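Shared chain: subunit A. Partners: subunit B in the first complex, subunit C in the second.
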Partner chain A sequence: MVVLSAARWVRSRLSDRFWRVQEVLKYARHFRGRKNRCYKLAVRSVRRAFVRSTKARREKKRFLRGLWITRIEAASLEHGLKYPAFISNLLKSQVELNRKVLADLAIYEPKTFKSLAALAQRRRQEGFLAALGDGKEPEGIFSRIVHHH
Partner chain B sequence: VAKTSLTSPPWPEVKLPDPVEEAKYHAAEVVRKVNGLISAGRYGRLFAVVHFASKQWKITSEDLIMMDNVLEAECGDRIRMEKVLLVGADDFTLVGRPLLGKDLVRVEATVIEKTESWPKVNMRFWRRHNFQRKKIITNPQTVLRINTIEIYPCLS
Partner chain C sequence: RYVRQLQRLQLLFSPTAADARGAREFVEKAAQDFARQHPDVVLYVSPHSGPGPAPVLRAEYLNGTVRDELIASKTSEEIVQLATKLANQSGLDIIRIRKPFHTDNPSVQGQWHPLTNKPSILTVQGPRLQPQ
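Let's look at the complex of A and B:
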């Protein structure tokens, strides 16, 4: 008998269903409850986990920057400076260290951080002096002390 | 005239040292001392802050650095990092404004390996809209080993 096409009652069946299911379950093995065993629940949890990890990768940068700022603030307060004063005066003195490195220096190199704080403080005082000017009053202005002749 | 609450400003009076005298003191004392320490070799482990691959790193000798990009250098090539922002030892620190001179510091590194990162999953999903995209990303990475950090006594 010549068979030109496959018989119509033969359907193709999945033979690697186990491995397709394991591909998803392997990411769910450390979850809590039935979602680490049952495929239907695991698929949803794994999908949410992936989406959350992609979003968290963007949030991590913001979070770490806030952490660095907190640490720099704490270290500069130990030396008597507030964080905005410290950062702005460092930038005005053309020292372009970023917050990550400043936080690392504050933790592991306290003497270096102290010298940077002193630099920022000195630049701050110079800025104040430059803003105040001579200290004399402008001409033609009535001062509080009126001399009667 | 009697002193009132408004005779002097409320902030504390700060007298800064004279700039000419301070420049003289700086040139004579500080620079000479630091040059002396450097040329005598009286420093322990040096650390440096280097700007490399658009990031700043705090490095010492013999430590590993991993960058999340490709470097056009073969494995085993020696590299000199030129943008040094800060160099420090136990007793002194040299702060660059913003960079230190190339004749002052020398940071050498070797390329150790060039791999890809672990497969990170990038997934987007909108509920009730039958929309999900899954992409597996492997970034190229380069691992460098910092060999030495040297300083030369050419301050001025």
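Let's look at the complex of A and C:
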């Protein structure tokens, strides 16, 4: 006789349970304790690990920016400038380098960073002269703004 | 000049198995066109008779990586798409790349060390002055 579907009382059994379990355990292999071996504990830990990693992507940006700021502060203090003075004077001299690049320059290109610190210091002095000298003297050369059209 | 990183594609399947139907149709119809469109890839078709392991498409690359893709219960068109995807890949492992850049010479002026910005009297040892 032709049977198009299995009888109702025949139920199929799982044959690839091992691989389904391994799919989860492979992400738990570097965990500590029983959650790197036991599936029931690993499922919860792996899910929390994934959730934390998605949320941490937003925190990573904040963390790295703080790290760059710390490094730039340390490097500019070596040259006798504090971080707010350095950054504000660089921006006023139209040097628009972001903190990531400045931190990399401070590590790998110390002479360039020294010249940037000197530029910021000079612009700071010109700013003081312009504020205190009350406009009679001509503006300093590093305070001129270049307009790009 | 572009060098295709895929060296050879091995189609391992059993001619009698039920889930290798897509593989058989691929071999009958689309394999020749695929081989003509990708002349620098060698296509091997190796049917093994009798019940054996699941039908697999094995891709070997120039840097030695071997990638197996299951083609059980796939249609011929899906196998063609899979083969073109493997042909356009390189053999590098598919993991997360930590940084999208890499340099062998990161520092041109010399990397910073704690004595870079200190007065040179701390580092330089001058000639020892003889008592006159």
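In this section, the second predicted complex is superposed on the first by the 127 of 149 C-alpha atoms of A that agree within 3 Å, B and C clash if a C-alpha of one lies under 4 Å from a C-alpha of the other, contacts with A are read in each partner's own complex, and residues count from 1 in each chain.
Basically, a residue touches a chain if its C-beta (ideal position, glycine included) is under 8 Å from a C-beta of that chain, and two chains touch if they have at least 3 such contacts.
Predicted model only: the values in this text are computed from it and were never measured.
A.B. asks: With both structures superposed, pick whichever of subunit B and subunit C touches the larger number of subunit A residues.
C.D. replies: Counting contacted residues of subunit A, the larger count belongs to B.
A.B. asks: Is A:Glu78 in contact with subunit B, with subunit C, with both, or with neither (first, second, both, neither)?
C.D. replies: So A:Glu78 only meets subunit C here.
A.B. asks: Applying the touch criterion given at the start, work out whether A:Thr112 contacts subunit B, subunit C, both or neither, answering first, second, both or neither.
C.D. replies: After superposing on A, A:Thr112 lies in contact with both subunit B and subunit C.
A.B. asks: In the superposed arrangement, which partner chain does A:Lys100 touch: subunit B (first), subunit C (second), both, or neither?
C.D. replies: First partner only, subunit B.
A.B. asks: Do subunit B and subunit C land on any of the same subunit A residues, and which?
C.D. replies: Touching subunit B in the first complex and subunit C in the second, residues 108-109, 111-112 of subunit A appear in both lists.
A.B. asks: Would you tell me which residues of subunit A are touching subunit C in their complex?
C.D. replies: Those in contact with subunit C are residues 75, 78-79, 106-112, 114.
A.B. asks: Under the touch definition given earlier, write down the residues of subunit C that touch subunit A in their complex.
C.D. replies: It is residues 106-112, 116-117 of subunit C that touch subunit A.
A.B. asks: Can you name the residues of subunit B that touch subunit A in the complex?
C.D. replies: Against subunit A, the touching part of subunit B is residues 1, 6, 11, 14, 16, 47, 49, 56-58, 85-86, 88, 90, 93, 95-98, 120-125, 132, 134.
A.B. asks: Using the touch definition from the top, list the residues of subunit A that touch subunit B in their complex.
C.D. replies: For this pair, the touching residues of subunit A are 47-48, 50-51, 53-54, 57, 93-98, 100-101, 104-105, 108-109, 111-112, 115-116, 119, 122, 125-126, 128-129, 144-145.
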